[in-house]
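In the part that follows, the structures are each spelled out as C-alpha cells.
Shared between the two complexes below is chain A, which pairs with chain B and chain C, respectively.
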Partner chain A sequence: MAAFADLNVANTNDKKKLQSVIETAAHLGYSTVAINHVVEVQPKKQEIGKPSCVSELFDNFPVVQGKSKPIKVLNRLTLVLSDPSHFRQTADFKFFDIVAIYPKTEKLFHAACMSFDVDIICVAATEKQPFHFKRPPVFGAIERGVFFEISYAAAIKDSTMRRYTISNAINLMEICKGKNVIVSSGAEKPLELRGPYDIANLGLLFGLSEGDAKAAVSTNCRAVLLHGETRKTALGIIHTMKKSQPKEKQEDKEAPASKKAKLDAI
Partner chain B sequence: MVRFKSRYLLCEVCVSNHSDLRLLDDQSVFSAVRTAVSRAHGDYGAALTNVSFSVKYLNAHTGVVFLRCRKSHYRILWSALSFINSLKNRGQCVPCFFNCLYVGGTIRTCQKFLIRYNTRQLHRMLPQCRSEEERLEVRRAVLSCSINSFGNEEEEDDEDEEHKE
Partner chain C sequence: MHVTDITGNRKQRLVVGSLRELAQTSAMFAELQKCPRSVLVCEKSNFTNEKSRHDKHVSQHYFNYKVSVLIPDCGVLPQCLRDAVSGFTSFYLVNEVPVFELLQEEFVENTVKKGGFYALSYKTRIDQDNVIALLPTGQLIMSVNKDTYEQLGLEGKASQYSHKQPVRYVVTINLTDKSMALGSKKYNRVLWALKENVPLKMDFLMGCQRDGKIGAWMLPSCLSHCPWKELQPSVETQILQDLPCPVLQSDNLRGGSSCDPQAFLEWLGAVSMGISCDNEATSFESTYACPEPQTFVNQAVLCTVTGLLLPEDVHSLLEELRRYFDHPKFTSWLSLVVHGFADSPVSWGTAEHGFHKGGENFYSFVVFKNQDYWLNMGAGANDGCPP
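Here is the complex of A and B:
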C-alpha cells in the first residue's frame, strides 16, 4: 500500500486542536503530516520565527490506520511574496523540512519556478489567479523537481471558493498535463480533513487522470519530502547526524544519492 | 445475461464527539448526500441520485454506512461525498465528514472488507482501554456491525476471529 501524506496542516497556537487534527489524519491513513507556518515576508524585518519542536506535541504519536508505525510530523514554511528581491535564503530555513512559496505576481512565479530553492509552489485556492500560467516557467519547474500544490480546505467550506479552486486547478492541469502536482488539505479543524482515496477522487474533478490523482497524494508527496531532505545535505550526498557511527554514516551517504539520481532522471 | 450492475460505497461517518453519532438516521444521510450531489454537479447530479441511489445500511454505533448507486455514476457520487460538511437530523445540525473506505460490487465483498477493517480497529483500540468493562463495550460496539440483516454466517466468522485472538 502506498504511503499517503498530507503536506499542509495549518499551524495554530492551540495545542489541543493541532493534536486532534493529527489524530484524525492518523485515523484516516496518512503516514506523514507537515505543519504549515505561513509567513508574509516584509522587506524590513527579515527574521522568520523558529518552528516549535515536533516532539513537544505528543508523547506517543498516534499509529497510522492500517500500518504499525506512528505518524510522522514535519515542519513546513510557506512564504507569501510579491517581489522576487524580497526572497533571501536565511539560516532559519534549516529548521523547516519543506519550504514552499505562494507567488502573488507573474514575475515572482517565473523566478520561483526557474531559480529559487523551494520545494513547493502553491496555487491560489481562495481567489482568482491574478496571472496566467505560461508554459516555459511551468516546464522549467517540472524539470527541476519543484511541485505545484492545490489545497482543498477552502473548496469544502464555501461554494464560491470551490469555483476558484477548481478553475485554478484546471488552468494548471492544462499546462502541466498532470505532472508534478500534489493535493493537500489546508485543514485548521479535524473536520476539514478527508481520506486519501477521497482526495484522489477529487483530483479527477481537478482534471487529473486516475493514476496522476493517486500519485498526487502518495508518490509525489514522497518526492517533495526527499527534495526537502536534500536541501539539508551537501549536494544530496552527505548527510550529517549527531552521534553517528561510521557504519550509519555510510548508509546515509548512499541513500540520498540514489534518490537524488531518481529525481534528476525525471 | 443482462442485469443492472451497481456499486456499493462503504463509508464511515466521522464526528468530533461520539455522542452525536447516535443521532444518525437513514433519512438525514440520504438528504445530505442528495443536496451535496446537486450542489456539486447541478441538475445532472440531482437526476442521477433519483435513479438508483439508496442508503442500504447504517450503524449508529460505529458510523458505518452502505450507499448504493449505479456502476456508471459512482464516481460522480463519490466525488460529491467529500463536500458534505454536516448532517441535519430533526432540526439539529451535526458537523461531520464522510470517509469512504471501500467500493465493492456486491454487499458481500463490502462486508468481508468491513470484518477485516473491524478486527484491525479492535487491535488499535483495545490496548488503549483501561478497564475490562471498556473492553467489553468496545468489542460489543465493533462486533455489532456484522449483524442480523445480512445473515448469521458473518457474525460467526467475526466471533471466531475474536476467539483466536
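Here is the complex of A and C:
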C-alpha cells in the first residue's frame, strides 16, 4: 500500500483555518494533502487565476504522525461545468498538480470520461446525481486512468446529504465495481476530517471491498498524483529534476521500448 | 415466487421489484457483515514436557514492543520479578543511519555474525513506507514501496498481501551467507544499490543480547557518527483492586465449566486497558462483563514493560514467572502477554507481517500452578497463521 492522501481540502482565504486543517490532516496520518480551488467556468471569462504558493503557508510543515517526514501539500483545480464546449485547457493548468472536473450534465460526464485531459471526475455529494452512470463512459475513464472521487464532508454535516452521498456512491460502484475510485474529504474545517483507516471503513458502506476501500485512500490517490505529473511532463517520460535518474511512471503505458532506451543515453 | 420459512411452511407469494436488485443489495450487506480476519491459535502443554516448544516460540518472535504480566491475588510484585523486569537489556535509538553502513565489514564481523543483534527501523509504517529489519540470524529484510524497489535494482518478491497489483516488495539478504562475503559480486551489487541508487536513510532501534562476561554491547564506530541515544525499557506497575477474575482450569481449553482462551484474552485486554468489567447500566463506554464463571480477587498486579524487548529477556522473565509457583500462592494462574511491533516486516521467524486495519501479532502465556501452560498466539488480517 502507498502512503495515505487526502486530495480534497477546501481552499479558504483564511490562512489560519487552512493551516489548522493541514495540521489536523498531518496528525491523523495523511502524508499528502491537496488544496482544492473550485472554479465555476463562465463562457466569457477564461482566466482561472494562479494558486497561492504552497511554501507560503508554513515555515515548517507539520510532521505526519508516526513518521519523520513533513506533510506534502499540493494544489488542485476543480472545474464545475455544464457544457462540454466551455472546457478549454489553458496555460493556467500547469500551476496545479491535479485537475478535476465536476460534471453537471450527462453530456459533459461522457465527454470528460472519454476525452478530457483531467485526473479526477467528482461524484455529487450534496445533491442527487442528475444523470445515471452508464457503462461505456465509466469503462472508458477507467481505461484512460481517470479516477472517480467521492467526498465525505457533506455526509458528516447533514443527514439528507449523507443519503445522497451514499446512494450516488453505490450507483457508481454498481457500474465500476470498485475500480478507479478515491475517497476524499472536501473538508472546510479541521473537525470534518477523519482518519484514513476510518475512511477505509466508510468505503465499505459505499460498496467497496476491504482491499478496494483501503486502496481508495492510498494506492489510487498515488495513481492520481502520478497521472497529474504526466501532464507536466511529456507523457511522463522526460522529467526534469535535480537527480539524473528519471522515475518510471505507473500510467505510462504508451511509451514504446525504444523511447526508454534513448532515455538512458540522456 | 414461493418462500419457505424456517419451519418449512410455504408462505404467500412475495412481490419483489426486481430480483436482481434484491440479489445485489443482499450481496452488499453480506460484504458489510464480514470483518477483516484475525487468527488465534491456542495450545496447551506443560513446561516440564520435553517436547514443549515454548522456548522456540519465544525466541522466534524477534521484535517485541510490550510485555505485560498480570498476577491475581498479589499486592506487591515480588523482588525477583522486579529484578527480572528492570533487568531488560537497554537498546539504542540511532537517527539517520545510511542503510549501506549495515553492510560494512567491521559491523558484519563483530556484531551481526556473533548473533543476538536486532535492528528495526523506527517511525516507519509497514503499509505506507519502507521498513527495514535486521534479524539475529543475519538476514536483512527490506519491505519497500514499488517506487523504491524499481529504483533499487535488487531482487525481491512481491508482498503476499498485495491487493490487485503489487505495491510492496520484500527484499531479503543474508549478510552472513558466503555469497555475501566482502568483495563478492552480490555484495558489491547490494552496496551499490544502497549507496548509489537509493541512498536510504532511516532511524533505527537497535538492541543486542550479550552474555555478562563479554560485557554490554557498544555502538560500532561506523554508526557512532549518527546521533544516537541509549534508552531503557520503561516499566509501569499498577495494583488493581476488587477485580472480577474468570475461573480457569488448565486442562479445559473448550470452556463450559471454566473460561475458554478466547473469552479469557478478551477479559485480559479489558483489564490491561483499564476498562471496567462490571457491565454497569450507567456506563456509556463499555457493556463488557467478565466471563462466567468468575471469582473476585482483592488485588492484582499489572506490570507493563515497553521498548525494544529482546526475546532472551522475555525468556528469562518467563522462567522467573514459572518459579513464582515454587512457593504456595493464592492464585492458581498468572499471565504474560507479549506484543510484537505493529510495523515490523516479520512476525514469527521470517513469516511476512502486514498491516491492514490492525497490525497485532502477539502471544500470551497463561502459567498454571502445576507448570501447565496455555499458549495463545494471535495475528491480524495481513498475517500468516502463527506457528
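As a convention for this text, the second predicted complex is superposed on the first by the 238 of 266 C-alpha atoms of A that agree within 3 Å, B and C clash if a C-alpha of one lies under 4 Å from a C-alpha of the other, contacts with A are read in each partner's own complex, and residues count from 1 in each chain.
Going forward, contacts are C-beta pairs under 8 Å (C-beta built on N, C-alpha and C of every residue); 3 or more make two chains touch, one makes a residue touch a chain.
All values derive from a computational prediction rather than experimental measurement.
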item	value
Which of chain B and chain C A:K67 touches, first, second, both or neither	second
Chain B versus chain C as contact partner of A:K214, first or second or both or neither	second
First (chain B), second (chain C), both or neither touched by A:A112	neither
Partner chain in contact with A:S31 - chain B first, chain C second, else both or neither	second
Which superposed partner A:A155 touches (first chain B, second chain C, both, neither)	first
Partner chain(s) touched by A:A5 [first = chain B, second = chain C, both, neither]	neither
Contacts of A:E174 with chain B and chain C, given as first, second, both or neither	second
Chain A positions touched by chain B in one structure and by chain C in the second	66, 197, 201, 204-205
Residue ranges of chain C in contact with chain A within the complex	24, 28, 31-32, 34, 36, 123-125, 127-129, 145-147, 150-151, 163-164, 167-168, 203, 356-357, 381
Touching residues (chain side chain B, partner chain A) in the complex	14, 16, 39, 75, 78-79, 81-83, 85, 95-101, 120, 124
Chain C partner contacts - residues on chain A that touch it in the complex	1-4, 31, 66-68, 170, 174, 197, 200-201, 204-205, 207, 209-212, 214-215, 218-219, 245, 247-248, 250
Chain A - residues contacting chain B, complex	20, 24, 27-28, 63, 65-66, 152, 155-157, 159, 162, 190-195, 197-199, 201-202, 204-205
